[in-house]
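First the structure, in the form of structure tokens, and then the observations on it.
Should a chain be cited, it is by its letter among A, B, C, D, E and F, assigned in written order, with residues numbered from 1 in that chain.
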Amino acid sequence: MLISVINPNTTSSMTGKIGRCARSVAGAGTTIEALTPTMGPASIESHYDEALAVPGLLTEIAAGERRGVDGYVVACFGDPGLDAAREIARGPVIGIAEAAMRTAMLLGRSFGVVTTLGRTRGRAWELVHRYGAAAACRTVRASEIPVLDLELPGSAARDAIAQECKRAVAEDDVDVIVLGCAGMADLCRELSDLVGVPVVDGVAAATTMVEGLVRLGLTTSHRSEYAPPPPKRYRGLLRDFQIAPA
Amino acid sequence: MLISVINPNTTSSMTGKIGRCARSVAGAGTTIEALTPTMGPASIESHYDEALAVPGLLTEIAAGERRGVDGYVVACFGDPGLDAAREIARGPVIGIAEAAMRTAMLLGRSFGVVTTLGRTRGRAWELVHRYGAAAACRTVRASEIPVLDLELPGSAARDAIAQECKRAVAEDDVDVIVLGCAGMADLCRELSDLVGVPVVDGVAAATTMVEGLVRLGLTTSHRSEYAPPPPKRYRGLLRDFQIAPA
Amino acid sequence: MLISVINPNTTSSMTGKIGRCARSVAGAGTTIEALTPTMGPASIESHYDEALAVPGLLTEIAAGERRGVDGYVVACFGDPGLDAAREIARGPVIGIAEAAMRTAMLLGRSFGVVTTLGRTRGRAWELVHRYGAAAACRTVRASEIPVLDLELPGSAARDAIAQECKRAVAEDDVDVIVLGCAGMADLCRELSDLVGVPVVDGVAAATTMVEGLVRLGLTTSHRSEYAPPPPKRYRGLLRDFQIAPA
Amino acid sequence: MLISVINPNTTSSMTGKIGRCARSVAGAGTTIEALTPTMGPASIESHYDEALAVPGLLTEIAAGERRGVDGYVVACFGDPGLDAAREIARGPVIGIAEAAMRTAMLLGRSFGVVTTLGRTRGRAWELVHRYGAAAACRTVRASEIPVLDLELPGSAARDAIAQECKRAVAEDDVDVIVLGCAGMADLCRELSDLVGVPVVDGVAAATTMVEGLVRLGLTTSHRSEYAPPPPKRYRGLLRDFQIAPA
Amino acid sequence: MLISVINPNTTSSMTGKIGRCARSVAGAGTTIEALTPTMGPASIESHYDEALAVPGLLTEIAAGERRGVDGYVVACFGDPGLDAAREIARGPVIGIAEAAMRTAMLLGRSFGVVTTLGRTRGRAWELVHRYGAAAACRTVRASEIPVLDLELPGSAARDAIAQECKRAVAEDDVDVIVLGCAGMADLCRELSDLVGVPVVDGVAAATTMVEGLVRLGLTTSHRSEYAPPPPKRYRGLLRDFQIAPA
Amino acid sequence: MLISVINPNTTSSMTGKIGRCARSVAGAGTTIEALTPTMGPASIESHYDEALAVPGLLTEIAAGERRGVDGYVVACFGDPGLDAAREIARGPVIGIAEAAMRTAMLLGRSFGVVTTLGRTRGRAWELVHRYGAAAACRTVRASEIPVLDLELPGSAARDAIAQECKRAVAEDDVDVIVLGCAGMADLCRELSDLVGVPVVDGVAAATTMVEGLVRLGLTTSHRSEYAPPPPKRYRGLLRDFQIAPA
């Protein structure tokens, strides 16, 4: 089984970390490829970044389809481009926010999200509602750490995140912590030891979820909303995204 | 006051129609410019199209900011790129699904949406939930008319849409109809006469809403989530979307 | 276009202020009349006051219909009598809580209401739910200022309100403030400058909304729930409210 | 124990029927008085009627307070004036929609309401949401019987109502029927025998609920929202509703 | 009328207290029997305890059916076994959480629950959602008092509970308190005097509710979900729970 | 890795089928044991059956803990005893309704459940709400097939189920089907081929989910609600369920 884990930003050090996390939980016989798009933002910290990460992500998925990839993980906590990706991929596509929130709901009555910049909390809450987690999610806390600081050895990022995890348990009474950025994937065990509750990293969670779906023989329902997009003319800079009639 | 009404698809005949509708309701002293992006899909009928319409839309908004546009209408019923647009525009930005649904809720207890392809209903329902309209929206009905058929004189589009409007009133007991595509903007009065309930076109509704906000001196809260995006490096095909440090 | 802005309480100094606010945002060609009912409470600070403000309000609307008024604003934050008013008015009728909350939702992910007495918060929350704002409204804060204190020059009202606005931003993390009383209409700009987020006054917001609907040719759906009331016998003190058979 | 059952309309034959139903379920030692207001509409079939029924209802409650009434039933399915009544009554006040819906939820997973005119369904749904019954209420069906036809011997009312009750069970799969008008109170047993599921009349249900609360020593929380209304000046036709300072 | 109040735990001193509370509110002509099961846990402080209290409870109800009991109260705040009990009882069955929450909603806009161990709050919130009380319930506070400490004279239980009741009013702004354990039934009046808002004990509330339903001639809808269980073979330790074919 | 799949009813032929389904999706290195309790009902078709299946289930889990089982699947669509099981198991415990519904939400916007007897739909809807699936689940359809008929070769069960699956797609417009009984686990592929949308069997889905959690090193949060139950005295028939002090 071949699973593509796509980092929708263009920072390849982060892709490396994401790939290692995915591989650490993949089953025997599963190959993980971790990919960095060739276009788009160095990190995703705004709706603007998120929107402009999608073309690069879709390019990777289109290429994956030609290579026979079995399933995809979209490794950014805003789950950018998920619906579009599901239309063009034969196999399942899972976003890490979706995976992490759904996994957290298997582990306790309530969870809290600990994320990077405060400005991304609106999107996190929107996903909470989309994934049916409104009754379970008690807080979305920001550490105010820029995404790429997570790549710097010796930064204060880890401490700031640990601090918010502790507050989520102590002040918001959550049973489980969800990490709100793919760049935090390597902190999962350490934070769990520190705060004494399960800590869920979406990259790992999504990897096992995609594997599970492939093993179940299940994929996106391509019956209506997620059928392949109707072919049509595309213009200008984006003309290569045009889908030719079958 | 200068309002840009942006058609996120690249079909300029549709832009012409949209502009006429917006102008027909604009107040004295308001200039409407109707714009077609230079890149992207000819129509928006899938999540894939919608995602790839956003870069072209954002380019138009960035250009509008340099020209001093006071407010924007995003004239596609999926409200593509709305959050990203709000980050980069100083003035208000309103999507036509948002405008139409919120207007419908001022006119009756319930409404129904009549749209083009059935595959777009999922996105419409997602927006219903986002805009707090879940208790008011009783149905999203598809006429199964492709978007660009609305541009063809003598097509069966009008009849198919009228049929679904009548069914929404008779079978789903709705007080108000919302038209689910910018390409239907010119059908509004005629359908209202036919079905005997208010019929809301989002292009016109959004135009008066943006005008109202500008007159009130109100715009998007740029305090946190919708603050201007943090500058950062963009790569590849999309490198020109990079926002330089201020 | 003639718009009646009706102050449902019987304090004419407040009506004067409300009229000035409405006129300051009305478009060219729109006439605003600000009206005080001839019966009812001097201010609305309880469910009892609110219920007993409705007959006076309905009398003004019935009179407006005879004069050819195009649309109405109900200028009390409890939106008293809104449904009844919609049955007897040909044109649109908008309450200021509805207008303010729906406007706030166009400007940010979240808002907070700052109101007068704490006892009115229950009604505000009820309206939050009715208008589909439950996911957006994070707080309803009371300044504990009686309504008519807002009419006294030199009162502490302004400071108390400013204080709660600041707390709503700092403690409840709201993007937008909604003012919870028509008597605060003149404080809007000043408070916005002070707290650094958009502050919405419902009187002004409702005025532009009614204007917009009239320009769109839209009014309440009179198909079923909001059809004119069936004529019938009324007795006693209220016999003049009887609607004669057509 | 003295319980006032107030018919908010001014049709005394309906009051007679309501009183008989209340007395048939009252416990030993409970006196029921059934009251008709001296002002207001002959029946309540619109938001307009409902709003104008409230002053007469409040007059009866104010008089009841002077007589030492222990608790009140508001016997109209729109629950008019309930919040205002709770402010001025020392004892509990229960509306028949509230009582019927809450009782139905004790008896099964789901219920359906069968009411008079279709135009009143909007209000019924609003109350469904207010009373936390949105997951339980599957339908609100109208028989299109005017309220006062329920007073006419030999009318087709009974058959039309029975028909809708049967449809609610067969087509909407409800476990319980709620009768949507005080004028249907005497049909309860007969309909239950006919359709084979519990049929709840709000007049009887509210009577036992008020009795229960009085026996429990419980009444409305007068701590904040439902504290007695602040005294203030009332003008014009409604000046006698003024509450003098204590 | 004969009402069985069943304490689902096996501590008979608690049953005694529960019976006294029920009798203190029962009407003339109502006999209360308070029962302790012969099997199961001494107190219910976990999901495990709750699940294992159900067989004993069902045994008591089956026996009650043979004796002609008219209705049942399940006197544990987790409402264990309520759905199963409703299938096998001809008369109504009410849980004390359901009774207390529904009663609280008659008395104010909001309530708070004060319970025993913090670990039981998850179940309380689940019941809040089931009973349509999500908009009304503002807090579930734990006193961290083990259930059986409520049976010890001179324990610190009373003070700890009073403390949480005061905090619910002062910090969470609730109109009404709901006591979250049958073992607190005797504290109701005293706490109400202390905190100045209505305090609802579910044992008493459920008793009047069952009485009311019996007087109304209403019981569980046995049409589908709550029809008597289909007979079938039971094995092992639980073979005596087998229901023989009729 | 050792996973126990527990059939909460006592029909071992069904356990055999469940075990085969679980094994068919388990990864290399995972051992599946399929277990039948020694006490309880032959099938689960009522709340009564469900409640009385829990002691047998808990006995199996307690035994599994002594054997070092890594995770558990509860293979009945009512998810009986799930919360209690989570308190006593060190590893994760997943119910098949939870697994199937959460899996379906990964595959499309909407799903429908096809189940056995109509009387079980109430429980299914309750779980839909608990698992945050209210916006996604469009229908719960009953085939009116008794559970054990699924064990009979040549029964009409398969056709009746297929019929409801087709209706769910055609009439309720669902993207995905969820099978509402563990006894349908072997019909999954065949039904999917027939109806042309993904069909999810909870037994297989839960197996991959438990495997995934174990691989992720995640289990139930034992911090508060799901901490091991406090030890206490148990009486009578159930005395062996007593948990001794540690």
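Couple of notes before you dig in:
The rule is short, and it goes like this: contacts are C-beta pairs under 8 Å (C-beta built on N, C-alpha and C of every residue); 3 or more make two chains touch, one makes a residue touch a chain.
Computed from a predicted model, the values in this text were never measured in an experiment.
Relative to chain E, the most remote chain by averaged C-alpha coordinates is B. One inter-chain figure worth recording: chain B and chain E are separated by 52 Å, centre to centre, where each centre is the mean of the chain's CA atoms.
Note: centroid distance chain C to chain E, computed from Cα atoms, is 44 Å. Computed centre separation for the pair chain A/chain F is 28 angstrom, with centres defined by C-alpha atoms.
Looking at chain F, one finds that residues 109, 122, 129, 135, 224-226 touch two or more other chains. Contact between chains, as defined at the top, is found for A-B, A-C, A-E, A-F, B-C, B-D, B-F, C-D, C-E, D-E, D-F, E-F. Against chain B, the residues of chain C that register as touching in their complex are 25, 27-29, 92, 94, 98, 102-103, 105-109, 131-136, 169, 173, 175-176, 189, 196-198, 200, 204-205, 208-209, 211-213, 215-221, 223-226. By the touch criterion stated above, chain E contacts chain C in their complex at residues 109-110, 135.
Taken together, the chain D residues at the contact with chain B in this complex read 122, 125, 129, 134.
Every residue of chain D that touches chain C in the complex is listed here, in rising order: 10, 37-43, 45-52, 54-56, 58, 81, 83-84, 86-88, 117-123, 126, 129-130, 146, 224-227, 229-230, 232-239, 241, 243.
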